[in-house]
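Structures follow.
Okay, so chain A shows up in both of these, paired with chain B first and chain C after.
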Partner chain A sequence: MINELAGAMYTRLSGGTALTDLLASTTSIYHGRVPDGASFPYVVFNLQGGGDENIVPSRMKNLVLYVRGYSKTSQASAGSIDAQIDTLLHGQTLSVSGWVNFWTARESDLSGFEPMPNGETIWNAGGMYRIRLDKS
Partner chain B sequence: MSAYSGSALAVQWVYSGGTVSLDGDFRSFSYSPSVELIDQTAGSDANRTRLVSIKDGNASLSAIMQASGTAITNALVEGTEGTLNVGPEGTASGKQKLIIPAIAMGANFSINYNDVVELSCDFTQNGARTDIVW
Partner chain C sequence: MPTRAGGFEVDTRKLDKLLQELEPKASRAVRTSAFAVEAGAKVRAPHETYALRNSIKTKTNYEGDPLRAIVHDEVGYGIYQELGFHHYISGQFIQNPFMIPALEAERPKFEKAMRRLFK
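What follows is the complex of A and B.
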């Protein structure tokens, strides 16, 4: 199921030209780990927590994904990426193979920066998104 | 003896339109038998005594609604007469089975903005319950 959800997230985010126009390339969207040397700006998402609901015999998932943008330009640049992510995810429906996505909503906002050893600063901005799925 | 969870519950609703399984997306199910009592206290009785009279009962189902699903709500239209076949431990051979003639009191919806839509239905017993095994 994680692979199917990751695929749906990539399809959703990479399909948003307003988002990809802000990134280094249309494929600068990564699940979990970013490859060494990847160009900025980019988007990273990962499964932060959650799992089965176990409230009905059929299968339901209640998951939280951390989705954020990274930029070497400014905090505002990372924030602009985050705004486009929000537009693509909050209240929208993902096409997750084998599952019905009936709830996708942003719950928490996060932003920060990382001073790098070479003196550069990398800013990030993003949010936690709760995604609920029902086995189709 | 050992405890068991409710996850194995089997509930079928047999009505004029066919048989539907109500356990596919159930959250809870309850059955409460009851009996009327006739007060026979009189005279100088110091303690109340009663006669057992008419038996009755009701059942209640709570389940998650499925998108575009209408089969269950159609089967539970208020006033629909049918029979509940209930298996608290499922339908394995030798497990408890309750057969309860009943009248559906209608499908109720509970719709919350940030939660799944829930369907509930009460059943009023409509005859004698039969206690057998599957």
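What follows is the complex of A and C.
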């Protein structure tokens, strides 16, 4: 299921040209692991928590994904990436193979920065998205 | 106590008693779940020196509210492990979430415990 959800996330995010126009390339979207030396700006998403609901006989998942953009330009640049991510995800329906996505909602906003020793700053902006799936 | 509503007098004594009994039970559920989140976070926390793991603590009755509890760590880098960071030398992206996974694992049990209070 993680693979199917990751695939659906990648398809949704990489399909948003308004988002990919802001990134280093159309493939600068990573699931958890960012390749060393990857060019900025990029998007990272990962499973931050959650699992099976176990409240009904059918199988349901209640998951939290952390999706954010990283930029070396400015906080505003990271914020613009985040705004496009939000447009693509909040209240939308993902095509997750073998599952029905009946809930996708942003729950919290996060932003910050990392000052690096070489004087650069890495800015980030994103949010936690709750995704609920029902086994189809 | 009896309450007047329009031309009716409603005897809310039973309801008042239920409400009185509810808070201590809800408080117990909050505390139980808070300590479960602490335990879950400690299991999941990345460890080399165990400083992060050992720093994870729970405060119950937070700010005098029996229905509030917080689970937190006391090291400066905990938030970076939770949300991800770029290594200061290699630039490698690293992330080891431990708090939200623990919270989300406990969520269904907490919701069930709270639902039970109203049965």
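In this text, the second predicted complex is superposed on the first by the 136 of 136 C-alpha atoms of A that agree within 3 Å, B and C clash if a C-alpha of one lies under 4 Å from a C-alpha of the other, contacts with A are read in each partner's own complex, and residues count from 1 in each chain.
Criterion: a residue touches a chain if its C-beta (ideal position, glycine included) is under 8 Å from a C-beta of that chain, and two chains touch if they have at least 3 such contacts.
The structure presented is a predicted model; accordingly, all values stated were derived computationally and were not measured.
Which of chain B and chain C touches more residues of chain A is settled by the count: it is C.
Contacts of A:102 after superposition: chain B is touched, whereas chain C is not reached.
In the superposition on chain A, contact of A:18 is made with neither chain B nor chain C. Of the two partner chains placed by superposition, chain B and chain C are both touched by A:55. When the two structures are aligned on the shared chain, A:33 is found in touch with chain C, with no touch to chain B. Residues 55 of chain A touch chain B in one complex and chain C in the other. Of all the residues in chain A, the ones that touch chain C in their complex are 32-34, 36-38, 44, 46, 48-51, 53-55, 62-64, 66, 110, 112, 114, 116-117, 122, 128. Note for the complex: chain A touches chain B at residues 55-58, 60, 100, 102-103, 105, 132, 134. Listing the residues of chain B that touch chain A in their complex gives 7, 23-27, 63-64, 66-67, 114, 116. Partner chain A is touched in their complex by these residues of chain C: 80, 83-86, 88-93, 95, 97, 100-105, 107-108.
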